[in-house]
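Just so it is clear, A, B, C, D, E and F label the chains in written order, and each chain counts residues from 1 on its own.
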Amino acid sequence: MINMFAYNIPFASIFIMMVAAIVTPLLPKRSRIPEKLSCYAIALVAVLSAYLLYALTYPGQSLSFNFPMGHFPAPWGNELRAGPLEAVLSLVFCVAMLLSLTGNFSSTAEDIAPGRRQIFCVLVNLLTASLLALTYTNDLFTAYVFIEINTIAACAIVAVKEGAETARAALRYLVMSLVGSGLVMIAICLLYDLTGHLLMQNMHGAILVLVTTKSYMIPLTVSLALITAGLAIKSALYPFASWLPDAHGTSTNASSAILSGLVLKGHIFTIIKIFYRVFGLDVIHMLRMDTAIFILGLVAMIMGSVHALRQNNVKRMIAWSSVAQVGYIFLGVGLNTTAGIAAACLHIIVHACVKPMLFTAAGGLSNAAGHKKGLHALMGTFYVNTWAGLGLIAGACSMMGIPGFAGFASKLSLTLASFDSSVVVWALAALATSSVLNALYYVPAVIVIMTHHKDAHKNFTAPKPTKLYKFSMFIFLTLNFYLGLFCVPLLRLITRGVNVL
Amino acid sequence: MLEKLLLNHYEAAAVILSGIGLTNLLLQRNLIKKIIGLNIMDTAVYLFLAAKGYVEGRAAPILIENGSGGWLTSSALYVNPVPAGLVLTGIVVSVSVTAFALALTLKLYESYGTLNIDEALLKMTEEQEQLEAVIEEADEEVLS
Amino acid sequence: MIVIEWLLLIFLIVCAVAVSISKNLLNSVIIFMSYSLVMAVIWVLLRSPDLAITEAAVGAGVTSVLFFLALRKIGQLGHKDDEKSE
Amino acid sequence: MNNILTLAPVLFPIITGFALFSRPIFEDRHIYVGVMTFATSIITFCAAFMTSGELITLWRVTDSLSIAFRLDYPARAFSCLVAFIWPLVTLYAFEYLRRRPPVDRFYAFFMSTFGILIGVACAANLLTLYLFYELMTFMTLPLVMHEQKRESIRATVSYLLYSLTGAALALGGFFFFQVYGVSMDFTPGGVLDIAKITAGHNESMILTVTFLTLVGFGAKAGIVPLHAWLPTAHPQAPTPASAVLSGLITKAGVIAMFRVVYYVVGAEFLRGTWVQYAVLGMAALTIFTGSMMAYIEKHFKKRIAWSSVSQVSYVVFAMMLLNADGINGAVLQIAAHAMSKSCLFLSAGVVIYCTLRGANYHYVDQIRGVGKELPITMTCFALASLSLIGLPVTGGFAAKWYMASGALELGRVGVFGVVVLMISALLTAGYLLPIVTDAFFPGEDYDYEHVVPFKLPLNMKLPLLLLSAGAVAVGLFAGVLVNFAGGKIISVLL
Amino acid sequence: MFDVMTVRNFLLIGCAVFLSATIFLCLMRAALGPRFSDRVIAANIIGTKIILLIAVLSLIIGQSYLVDVCLIYAVINFLSVVVLARSVIEKKEGE
Amino acid sequence: MNEELKNIWRAFFNWVMGNGPRPENEVIPPEPPPDLPFTQKPHDKYTRFHEATLKERYNQWLEIHGLHIFAILYTGLSVLTCIVIVSLLLATVAELPPFGHERNPANNEVIRRYVEHGGHETGAQNIVAGLILDYRAFDTFGESAVLFTAAVSVLMLLGASRRNKTDTHSLPSSNAMDAYSIHAPPMRHHTFRKDDVILRAVASLSIPVILMMGCVVVINGHLSPGGGFSGGAILSTALILCANAYGFERVHEFFNERTFIVSSSTALMIYALSKGYSFFTGANHIHSVIPKGTIGNILSGGLILPLNICVGLIVAGTLYGFYALFSEGDM
């Protein structure tokens, strides 16, 4: 058994964020209080998640537990479920969210009209709450509801920056997301009809019965395909990723960081949970979904980078790179082994730490270049905002998979995981190609920002990065190196988490 | 297959409707129609779900008095209440989404004067080009 | 009874198709409104009165009103074809 | 102490190099850079002669993977070579870069490259090697694109593309070796788990992987399929950078191949397989192509760069012979080529630097009569050329001698190799000697009246003299080197 | 054979079928109706028919709470038509 | 063909030679201005559409060449997609358990418990109300949060627009885009006519009735069909009607943006806290102090009645808010 305090943490963390979101509109407008409230709430949840992680991995404690939401246990009421993996992910989500907010504090203030800042905070809180709920939930319909909250909040967070471009991007994002959630909803209905349950474990039992009796195989396959496709659209798997660069490239930096680093990951983790907890890996393999996911992941890894190569706008470039990175995660999921899913989860964490850093860095750099985002406009900005420059360099190294940086750890574990399966050659080839392509667009960016140019910014006096910016960047960099150097205990933890998922 | 479809006529209709809705959502070029498509799809899915909860010859899930101050609680009397609950939640979600999407559409129209997302893109790209040309000129002036 | 079910379901499908192919936005919205109205009868037939009430209030009421307001804002109400014969 | 001394040559220059970015602390760049570079050299020599060659683990990434260093004998030899050449080139750079800002960045990356090169040499496992190999690519990018012209940036991107493709191939190999090896630490004779491989009938797969890894690492050395960046990128870099790029950094690729062949896969495993012959064939092809292209090429620095393509392949050729004479030849060739090629580039740089006639000498036919203005420079150039051609007594001769005798051990294939070597030597003479003769004997119509001998600054003269002397000395003391190689390296490996 | 309940049920179901069949005619008017007022009135009539249909169904199924649904329907249908009509009238006046 | 071969050979040679010596007769293009690395110069119109997918380029092509082919193709594509999706799903439906059968997998022990014990476990006569507000209350909480999110987002999108026009706060990056508002036809801002006698008469009669009906639906949510959501929607209808008949100013006297935010947030807060209490006690096996009451009474169902009232308030406010924002751009 686990102690009382830790037992209530999953519920408490969702609840805290929800309450923070609800209270925020009541706070005085045009002040900094809402932002501070969000930051403190997220920090509190991060601390709680860290404690939960500690409690769950403490020797002698049970590794995972269920938390009934209300007076009625499992098949009758809703339920949350927490294990090491969920705890790690919620910790990472909160930390990355907090750093994205603090790192972009000043650019948020510039981009968002004062009247909207309060609403931005509400949306951030709701987004965090929905991410936490997606992480912890053990019920498919709850997952759907929170996916919808996530969708609306994510689109609104794109549109929070005033301007025609963002409205268009948000609308595009919204339409694609709605297609996705429609498919998910149809699939949930089919699954409910076939199993009579909405809770993941009970569904799993019913599906195993169906599979052993070979009944209802077509509906089962179709529902799996629909739910995967729906969530894949939301998590920007390549052929469905056309909305992503618009949405992530035009919004304010904090929004881009949050969307790229975290929102996609919430959906991907939901897919992982559905694969692992609802269907089970054997059924997935039997229905051939693993191969499909694997191939799509491969394609995404290459095509995301190819698109990124053609971008001239640094934020769009980073956004397309997210598409490639999502491909890595799906590659891991498509391996359909515990090791593969653990590697995918590690990459989720790595990417959740690196991508916000890259966006924050890009924001800092384009700020230093006078709000220009074209690649050539960033020339020499390293010397104006060194912290941002360091962030971009570290992020680039990480994305290229240089040993010692976060990205290498996940690439290594992905490769090692793929050695167990028959597709190792494909996985290796794709990893290698994607790394080279990553380098081909990140290194020129790094070169540009490090290219000295005396006259380019003469007319523009760039603001110095604030202390908060430096601090967030420092934490980001530390996290990056930490993940690169100490990935083994983390990977072990994740593997334990996946085993009890 | 056809007689099975005739047996499951609610589901079949729901599926056709959701197909139409999805197609509208994906391929209509007019945003208002896209949003109507979204609504059609949502209601179709709810229809599907509610049809799955129906059981022939049973009453709505509101307890009936048995005449002696008690309540009839036999599960053979009432239809499945779960789909109704889920659909209630779903309807709220779809209203919220519709309102949000319409608000965004109005925003888009305010900026671009069109309800077509591709036309908006085209306009934006042209503008972007002019903008970039200006920026480039300025850059070159600074550099030279 | 089954005849009513069939009629209503076919009505829904016809409405959906008409919405998709209709050229006039106002027309689409009006047809969509009747779609929601009929949907409420189907909820009654499926023994879900809760849904019927909600659909009545939301589908026929609020959603249609929102659509009308959106159309009014973008100046699509009162298409020229409509005014010709008046 | 032992630990610190092993790590110091790697870490010290990187740290001191990046310290250059912090502006206010150091006022005079040149003194700082000079002192630190010489200090690094001294530390390197100390490390090479005073440590016991233990495994020093800097960081343990996973249970089986770590960042570790070991100064074994090949590492020591190569570090000494680097530590000898690097300060000289730095000295030269002080004068050369005086008019080519931004110097801070150049020195910062130049110094860190020093450390990273030593890191490549004394990496104790494949992960460390890969890490430093990649870092070397990134650290040398700013050197190549120092001028920031369109051409140099294009060259940089091509350099990047080829190097990364190579590194990606090598990374694939790395993963395979990790799965099929007993450990990742370099062990003479290889680390492959032969039992596991034979049990799974994976020999041909491992051979393919080895081949791909060698091709990948060969990118840095300019071996044929991935060679095209070298003649573009090297001439674009400022001369000191191209000197070390051609002289030393190409050798890093060779070192990496050497580690893979002898320390990971094992010579036994490769001997007589198609991989050996394929790599030999590629090397021979590169030797011939490089010489031929250099012969055709008219651009001065490009000609020398093409010559590097050819000469570095000699080392690969010798190494892949997989016998004692081959290794001897490789060791000699590395030393001789490093010295003479650095010397050639530096001389070329001097010629370009001295714009006495108001025009840069970029093409070989503009060089006529330069020997009258720059007698010392062109003498050093001649000496280095002779060493490259392989005139007896010079380093190149000794190297080629051992190479040829090693090749003949292989039978018919070897004879073919020897023929290629001969032809290439002739071509080398054909593309280097005309420069020398043109420079010293410009012909009847040359305007001898207006010749003003250029006064070369000491910090340009000294490196030239020392390097050309070194190129000859390798030949003179070939016996010592061979003894060293035979006693310390070959006995362990074969 | 012809007891009252059967006849009543038969009549009710006949009514319901008739109502649902005539909805199609209204839909046709709503879709084709050349004038704006045609469409609005068609929509309104569909609403009225639905109210009737639900009332009839409440008799058939025998559950009284369906009358509540009818009431709510009447209100809402009125509202949406009011909003629509007002919007259009204002537009006309604006021109 | 010959030319192509030549090109291939040249490319091959260039590769072998490492972009080596140029052929003598080749025209060297003029050097672009130095010091501008990585600027991709525009070569022609289409290379500039970086993220434009093939489809969008196709659109542009069609815009030049007339849209008629495109329209046909588009319709064809739509119909095809529709048919594919529908046939796939129909094949699925044909395999599903039969409609309305009582042995379907969905009618399992979960349902039995809901129906048989739902009455005394939740205290609600309407099982659906008990289900959504007690058994699966977390979903419903999420649902209210969705509504709240949407309300906040719409308020942000439409509410701020008017105020920002007067705001001098200008955004550095969006100034280029502002040009579009010139091209777009002006948004219509209408003022309601206030002399509509018929409407006023009807409204004055029906608004009290509607309000009362809304309250009944909300309060009887656990006894009869309806509940917070539908009741709230009816209440909002009354507000909308009021605004229509008497103008917005009349409604704003008692319901403006601040009231809306305060009432919705407070109601949602009460909802969250009471549900939080119930979740917490339930999960930790603490006995809840809230009495269930007797089934069939108004005061029964434990927390369901207050929750319904909260939801009703939220929904009424939000839906009226939507209406106000959509028609006036302000509350």
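By definition in this document, a residue touches a chain if its C-beta (ideal position, glycine included) is under 8 Å from a C-beta of that chain, and two chains touch if they have at least 3 such contacts.
As the structure is a prediction and not an experimental result, all values here were calculated from the model.
Counting steps between touching chains, the shortest path from chain A to chain C takes 2.
The most distant chain from chain F, with centres taken as the mean of CA atoms, is D. Comparing the chain pairs A-F and E-F, the larger number of C-beta pairs in contact belongs to A-F. Seen from the C-alpha centroid of chain E, the farthest chain centroid is that of D.
When each chain is reduced to the mean of its CA atoms, the one lying nearest the mean of all protein CA atoms is A. Distance between chain B and chain C, defined via averaged C-alpha coordinates, is recorded as 14 Å. The distance from the centre of chain A to the centre of chain E, with each centre set as the mean of the Cα atoms, comes to 49 Å. One inter-chain figure worth recording: chain C and chain F are separated by 19 Å, centre to centre, where each centre is the mean of the chain's CA atoms.
Note: centroid distance chain D to chain E, computed from Cα atoms, is 89 Å. The multi-chain contact residues of chain C, meaning those touching 2 or more other chains, are 20, 47-50, 52-54, 56-58, 61-62, 65-66, 69-75. Multi-chain contact residues of chain B (touching two or more other chains): 9-10, 16, 18, 20-24, 26, 28, 51-54, 58-62, 82-84, 86, 88-89, 91-93, 95-97, 99-100, 102, 104-107, 109, 111-112, 121, 124, 132, 139, 143. The set of chain F residues touching two or more other chains comprises 35-39, 78, 89, 91-92, 95-96, 104, 106-107, 110-111, 114, 126, 128, 136, 139, 142-143, 146, 149-150, 153, 157, 177, 180, 185, 187-188, 190, 217, 224-227, 229-230, 234, 237, 240, 319, 322, 326.
Touching chain D in their complex are the following residues of chain A: 397, 400-404, 409, 412, 415-416, 419, 428-429, 431-433, 435-436, 439-440, 443-444, 447, 450-452, 485, 487-488. Contact residues of chain C toward chain B in the complex are 5-6, 9-10, 12-13, 16-17, 19-20, 25, 28-29, 32, 35-36, 39, 42-43, 46-51, 54-55, 58-59, 62-63, 66-67, 70-71, 73-74, 76. Chain D makes touch with chain A in their complex at residues 59, 61-63, 65, 67, 101-102, 105, 127, 130-131, 134-135, 138, 141-142, 145, 148, 153, 156-157, 160-161, 164-165, 167-169, 171-172, 175, 178-179.
The touching residues of chain E, counted against chain B in their complex, run 63, 65. Listed in rising order, the residues of chain F touching chain C in the complex are 78, 126, 128-129, 185, 187-188, 190, 217, 225-227, 229-230, 233-234, 236-237, 240, 319, 322-323, 326-327.
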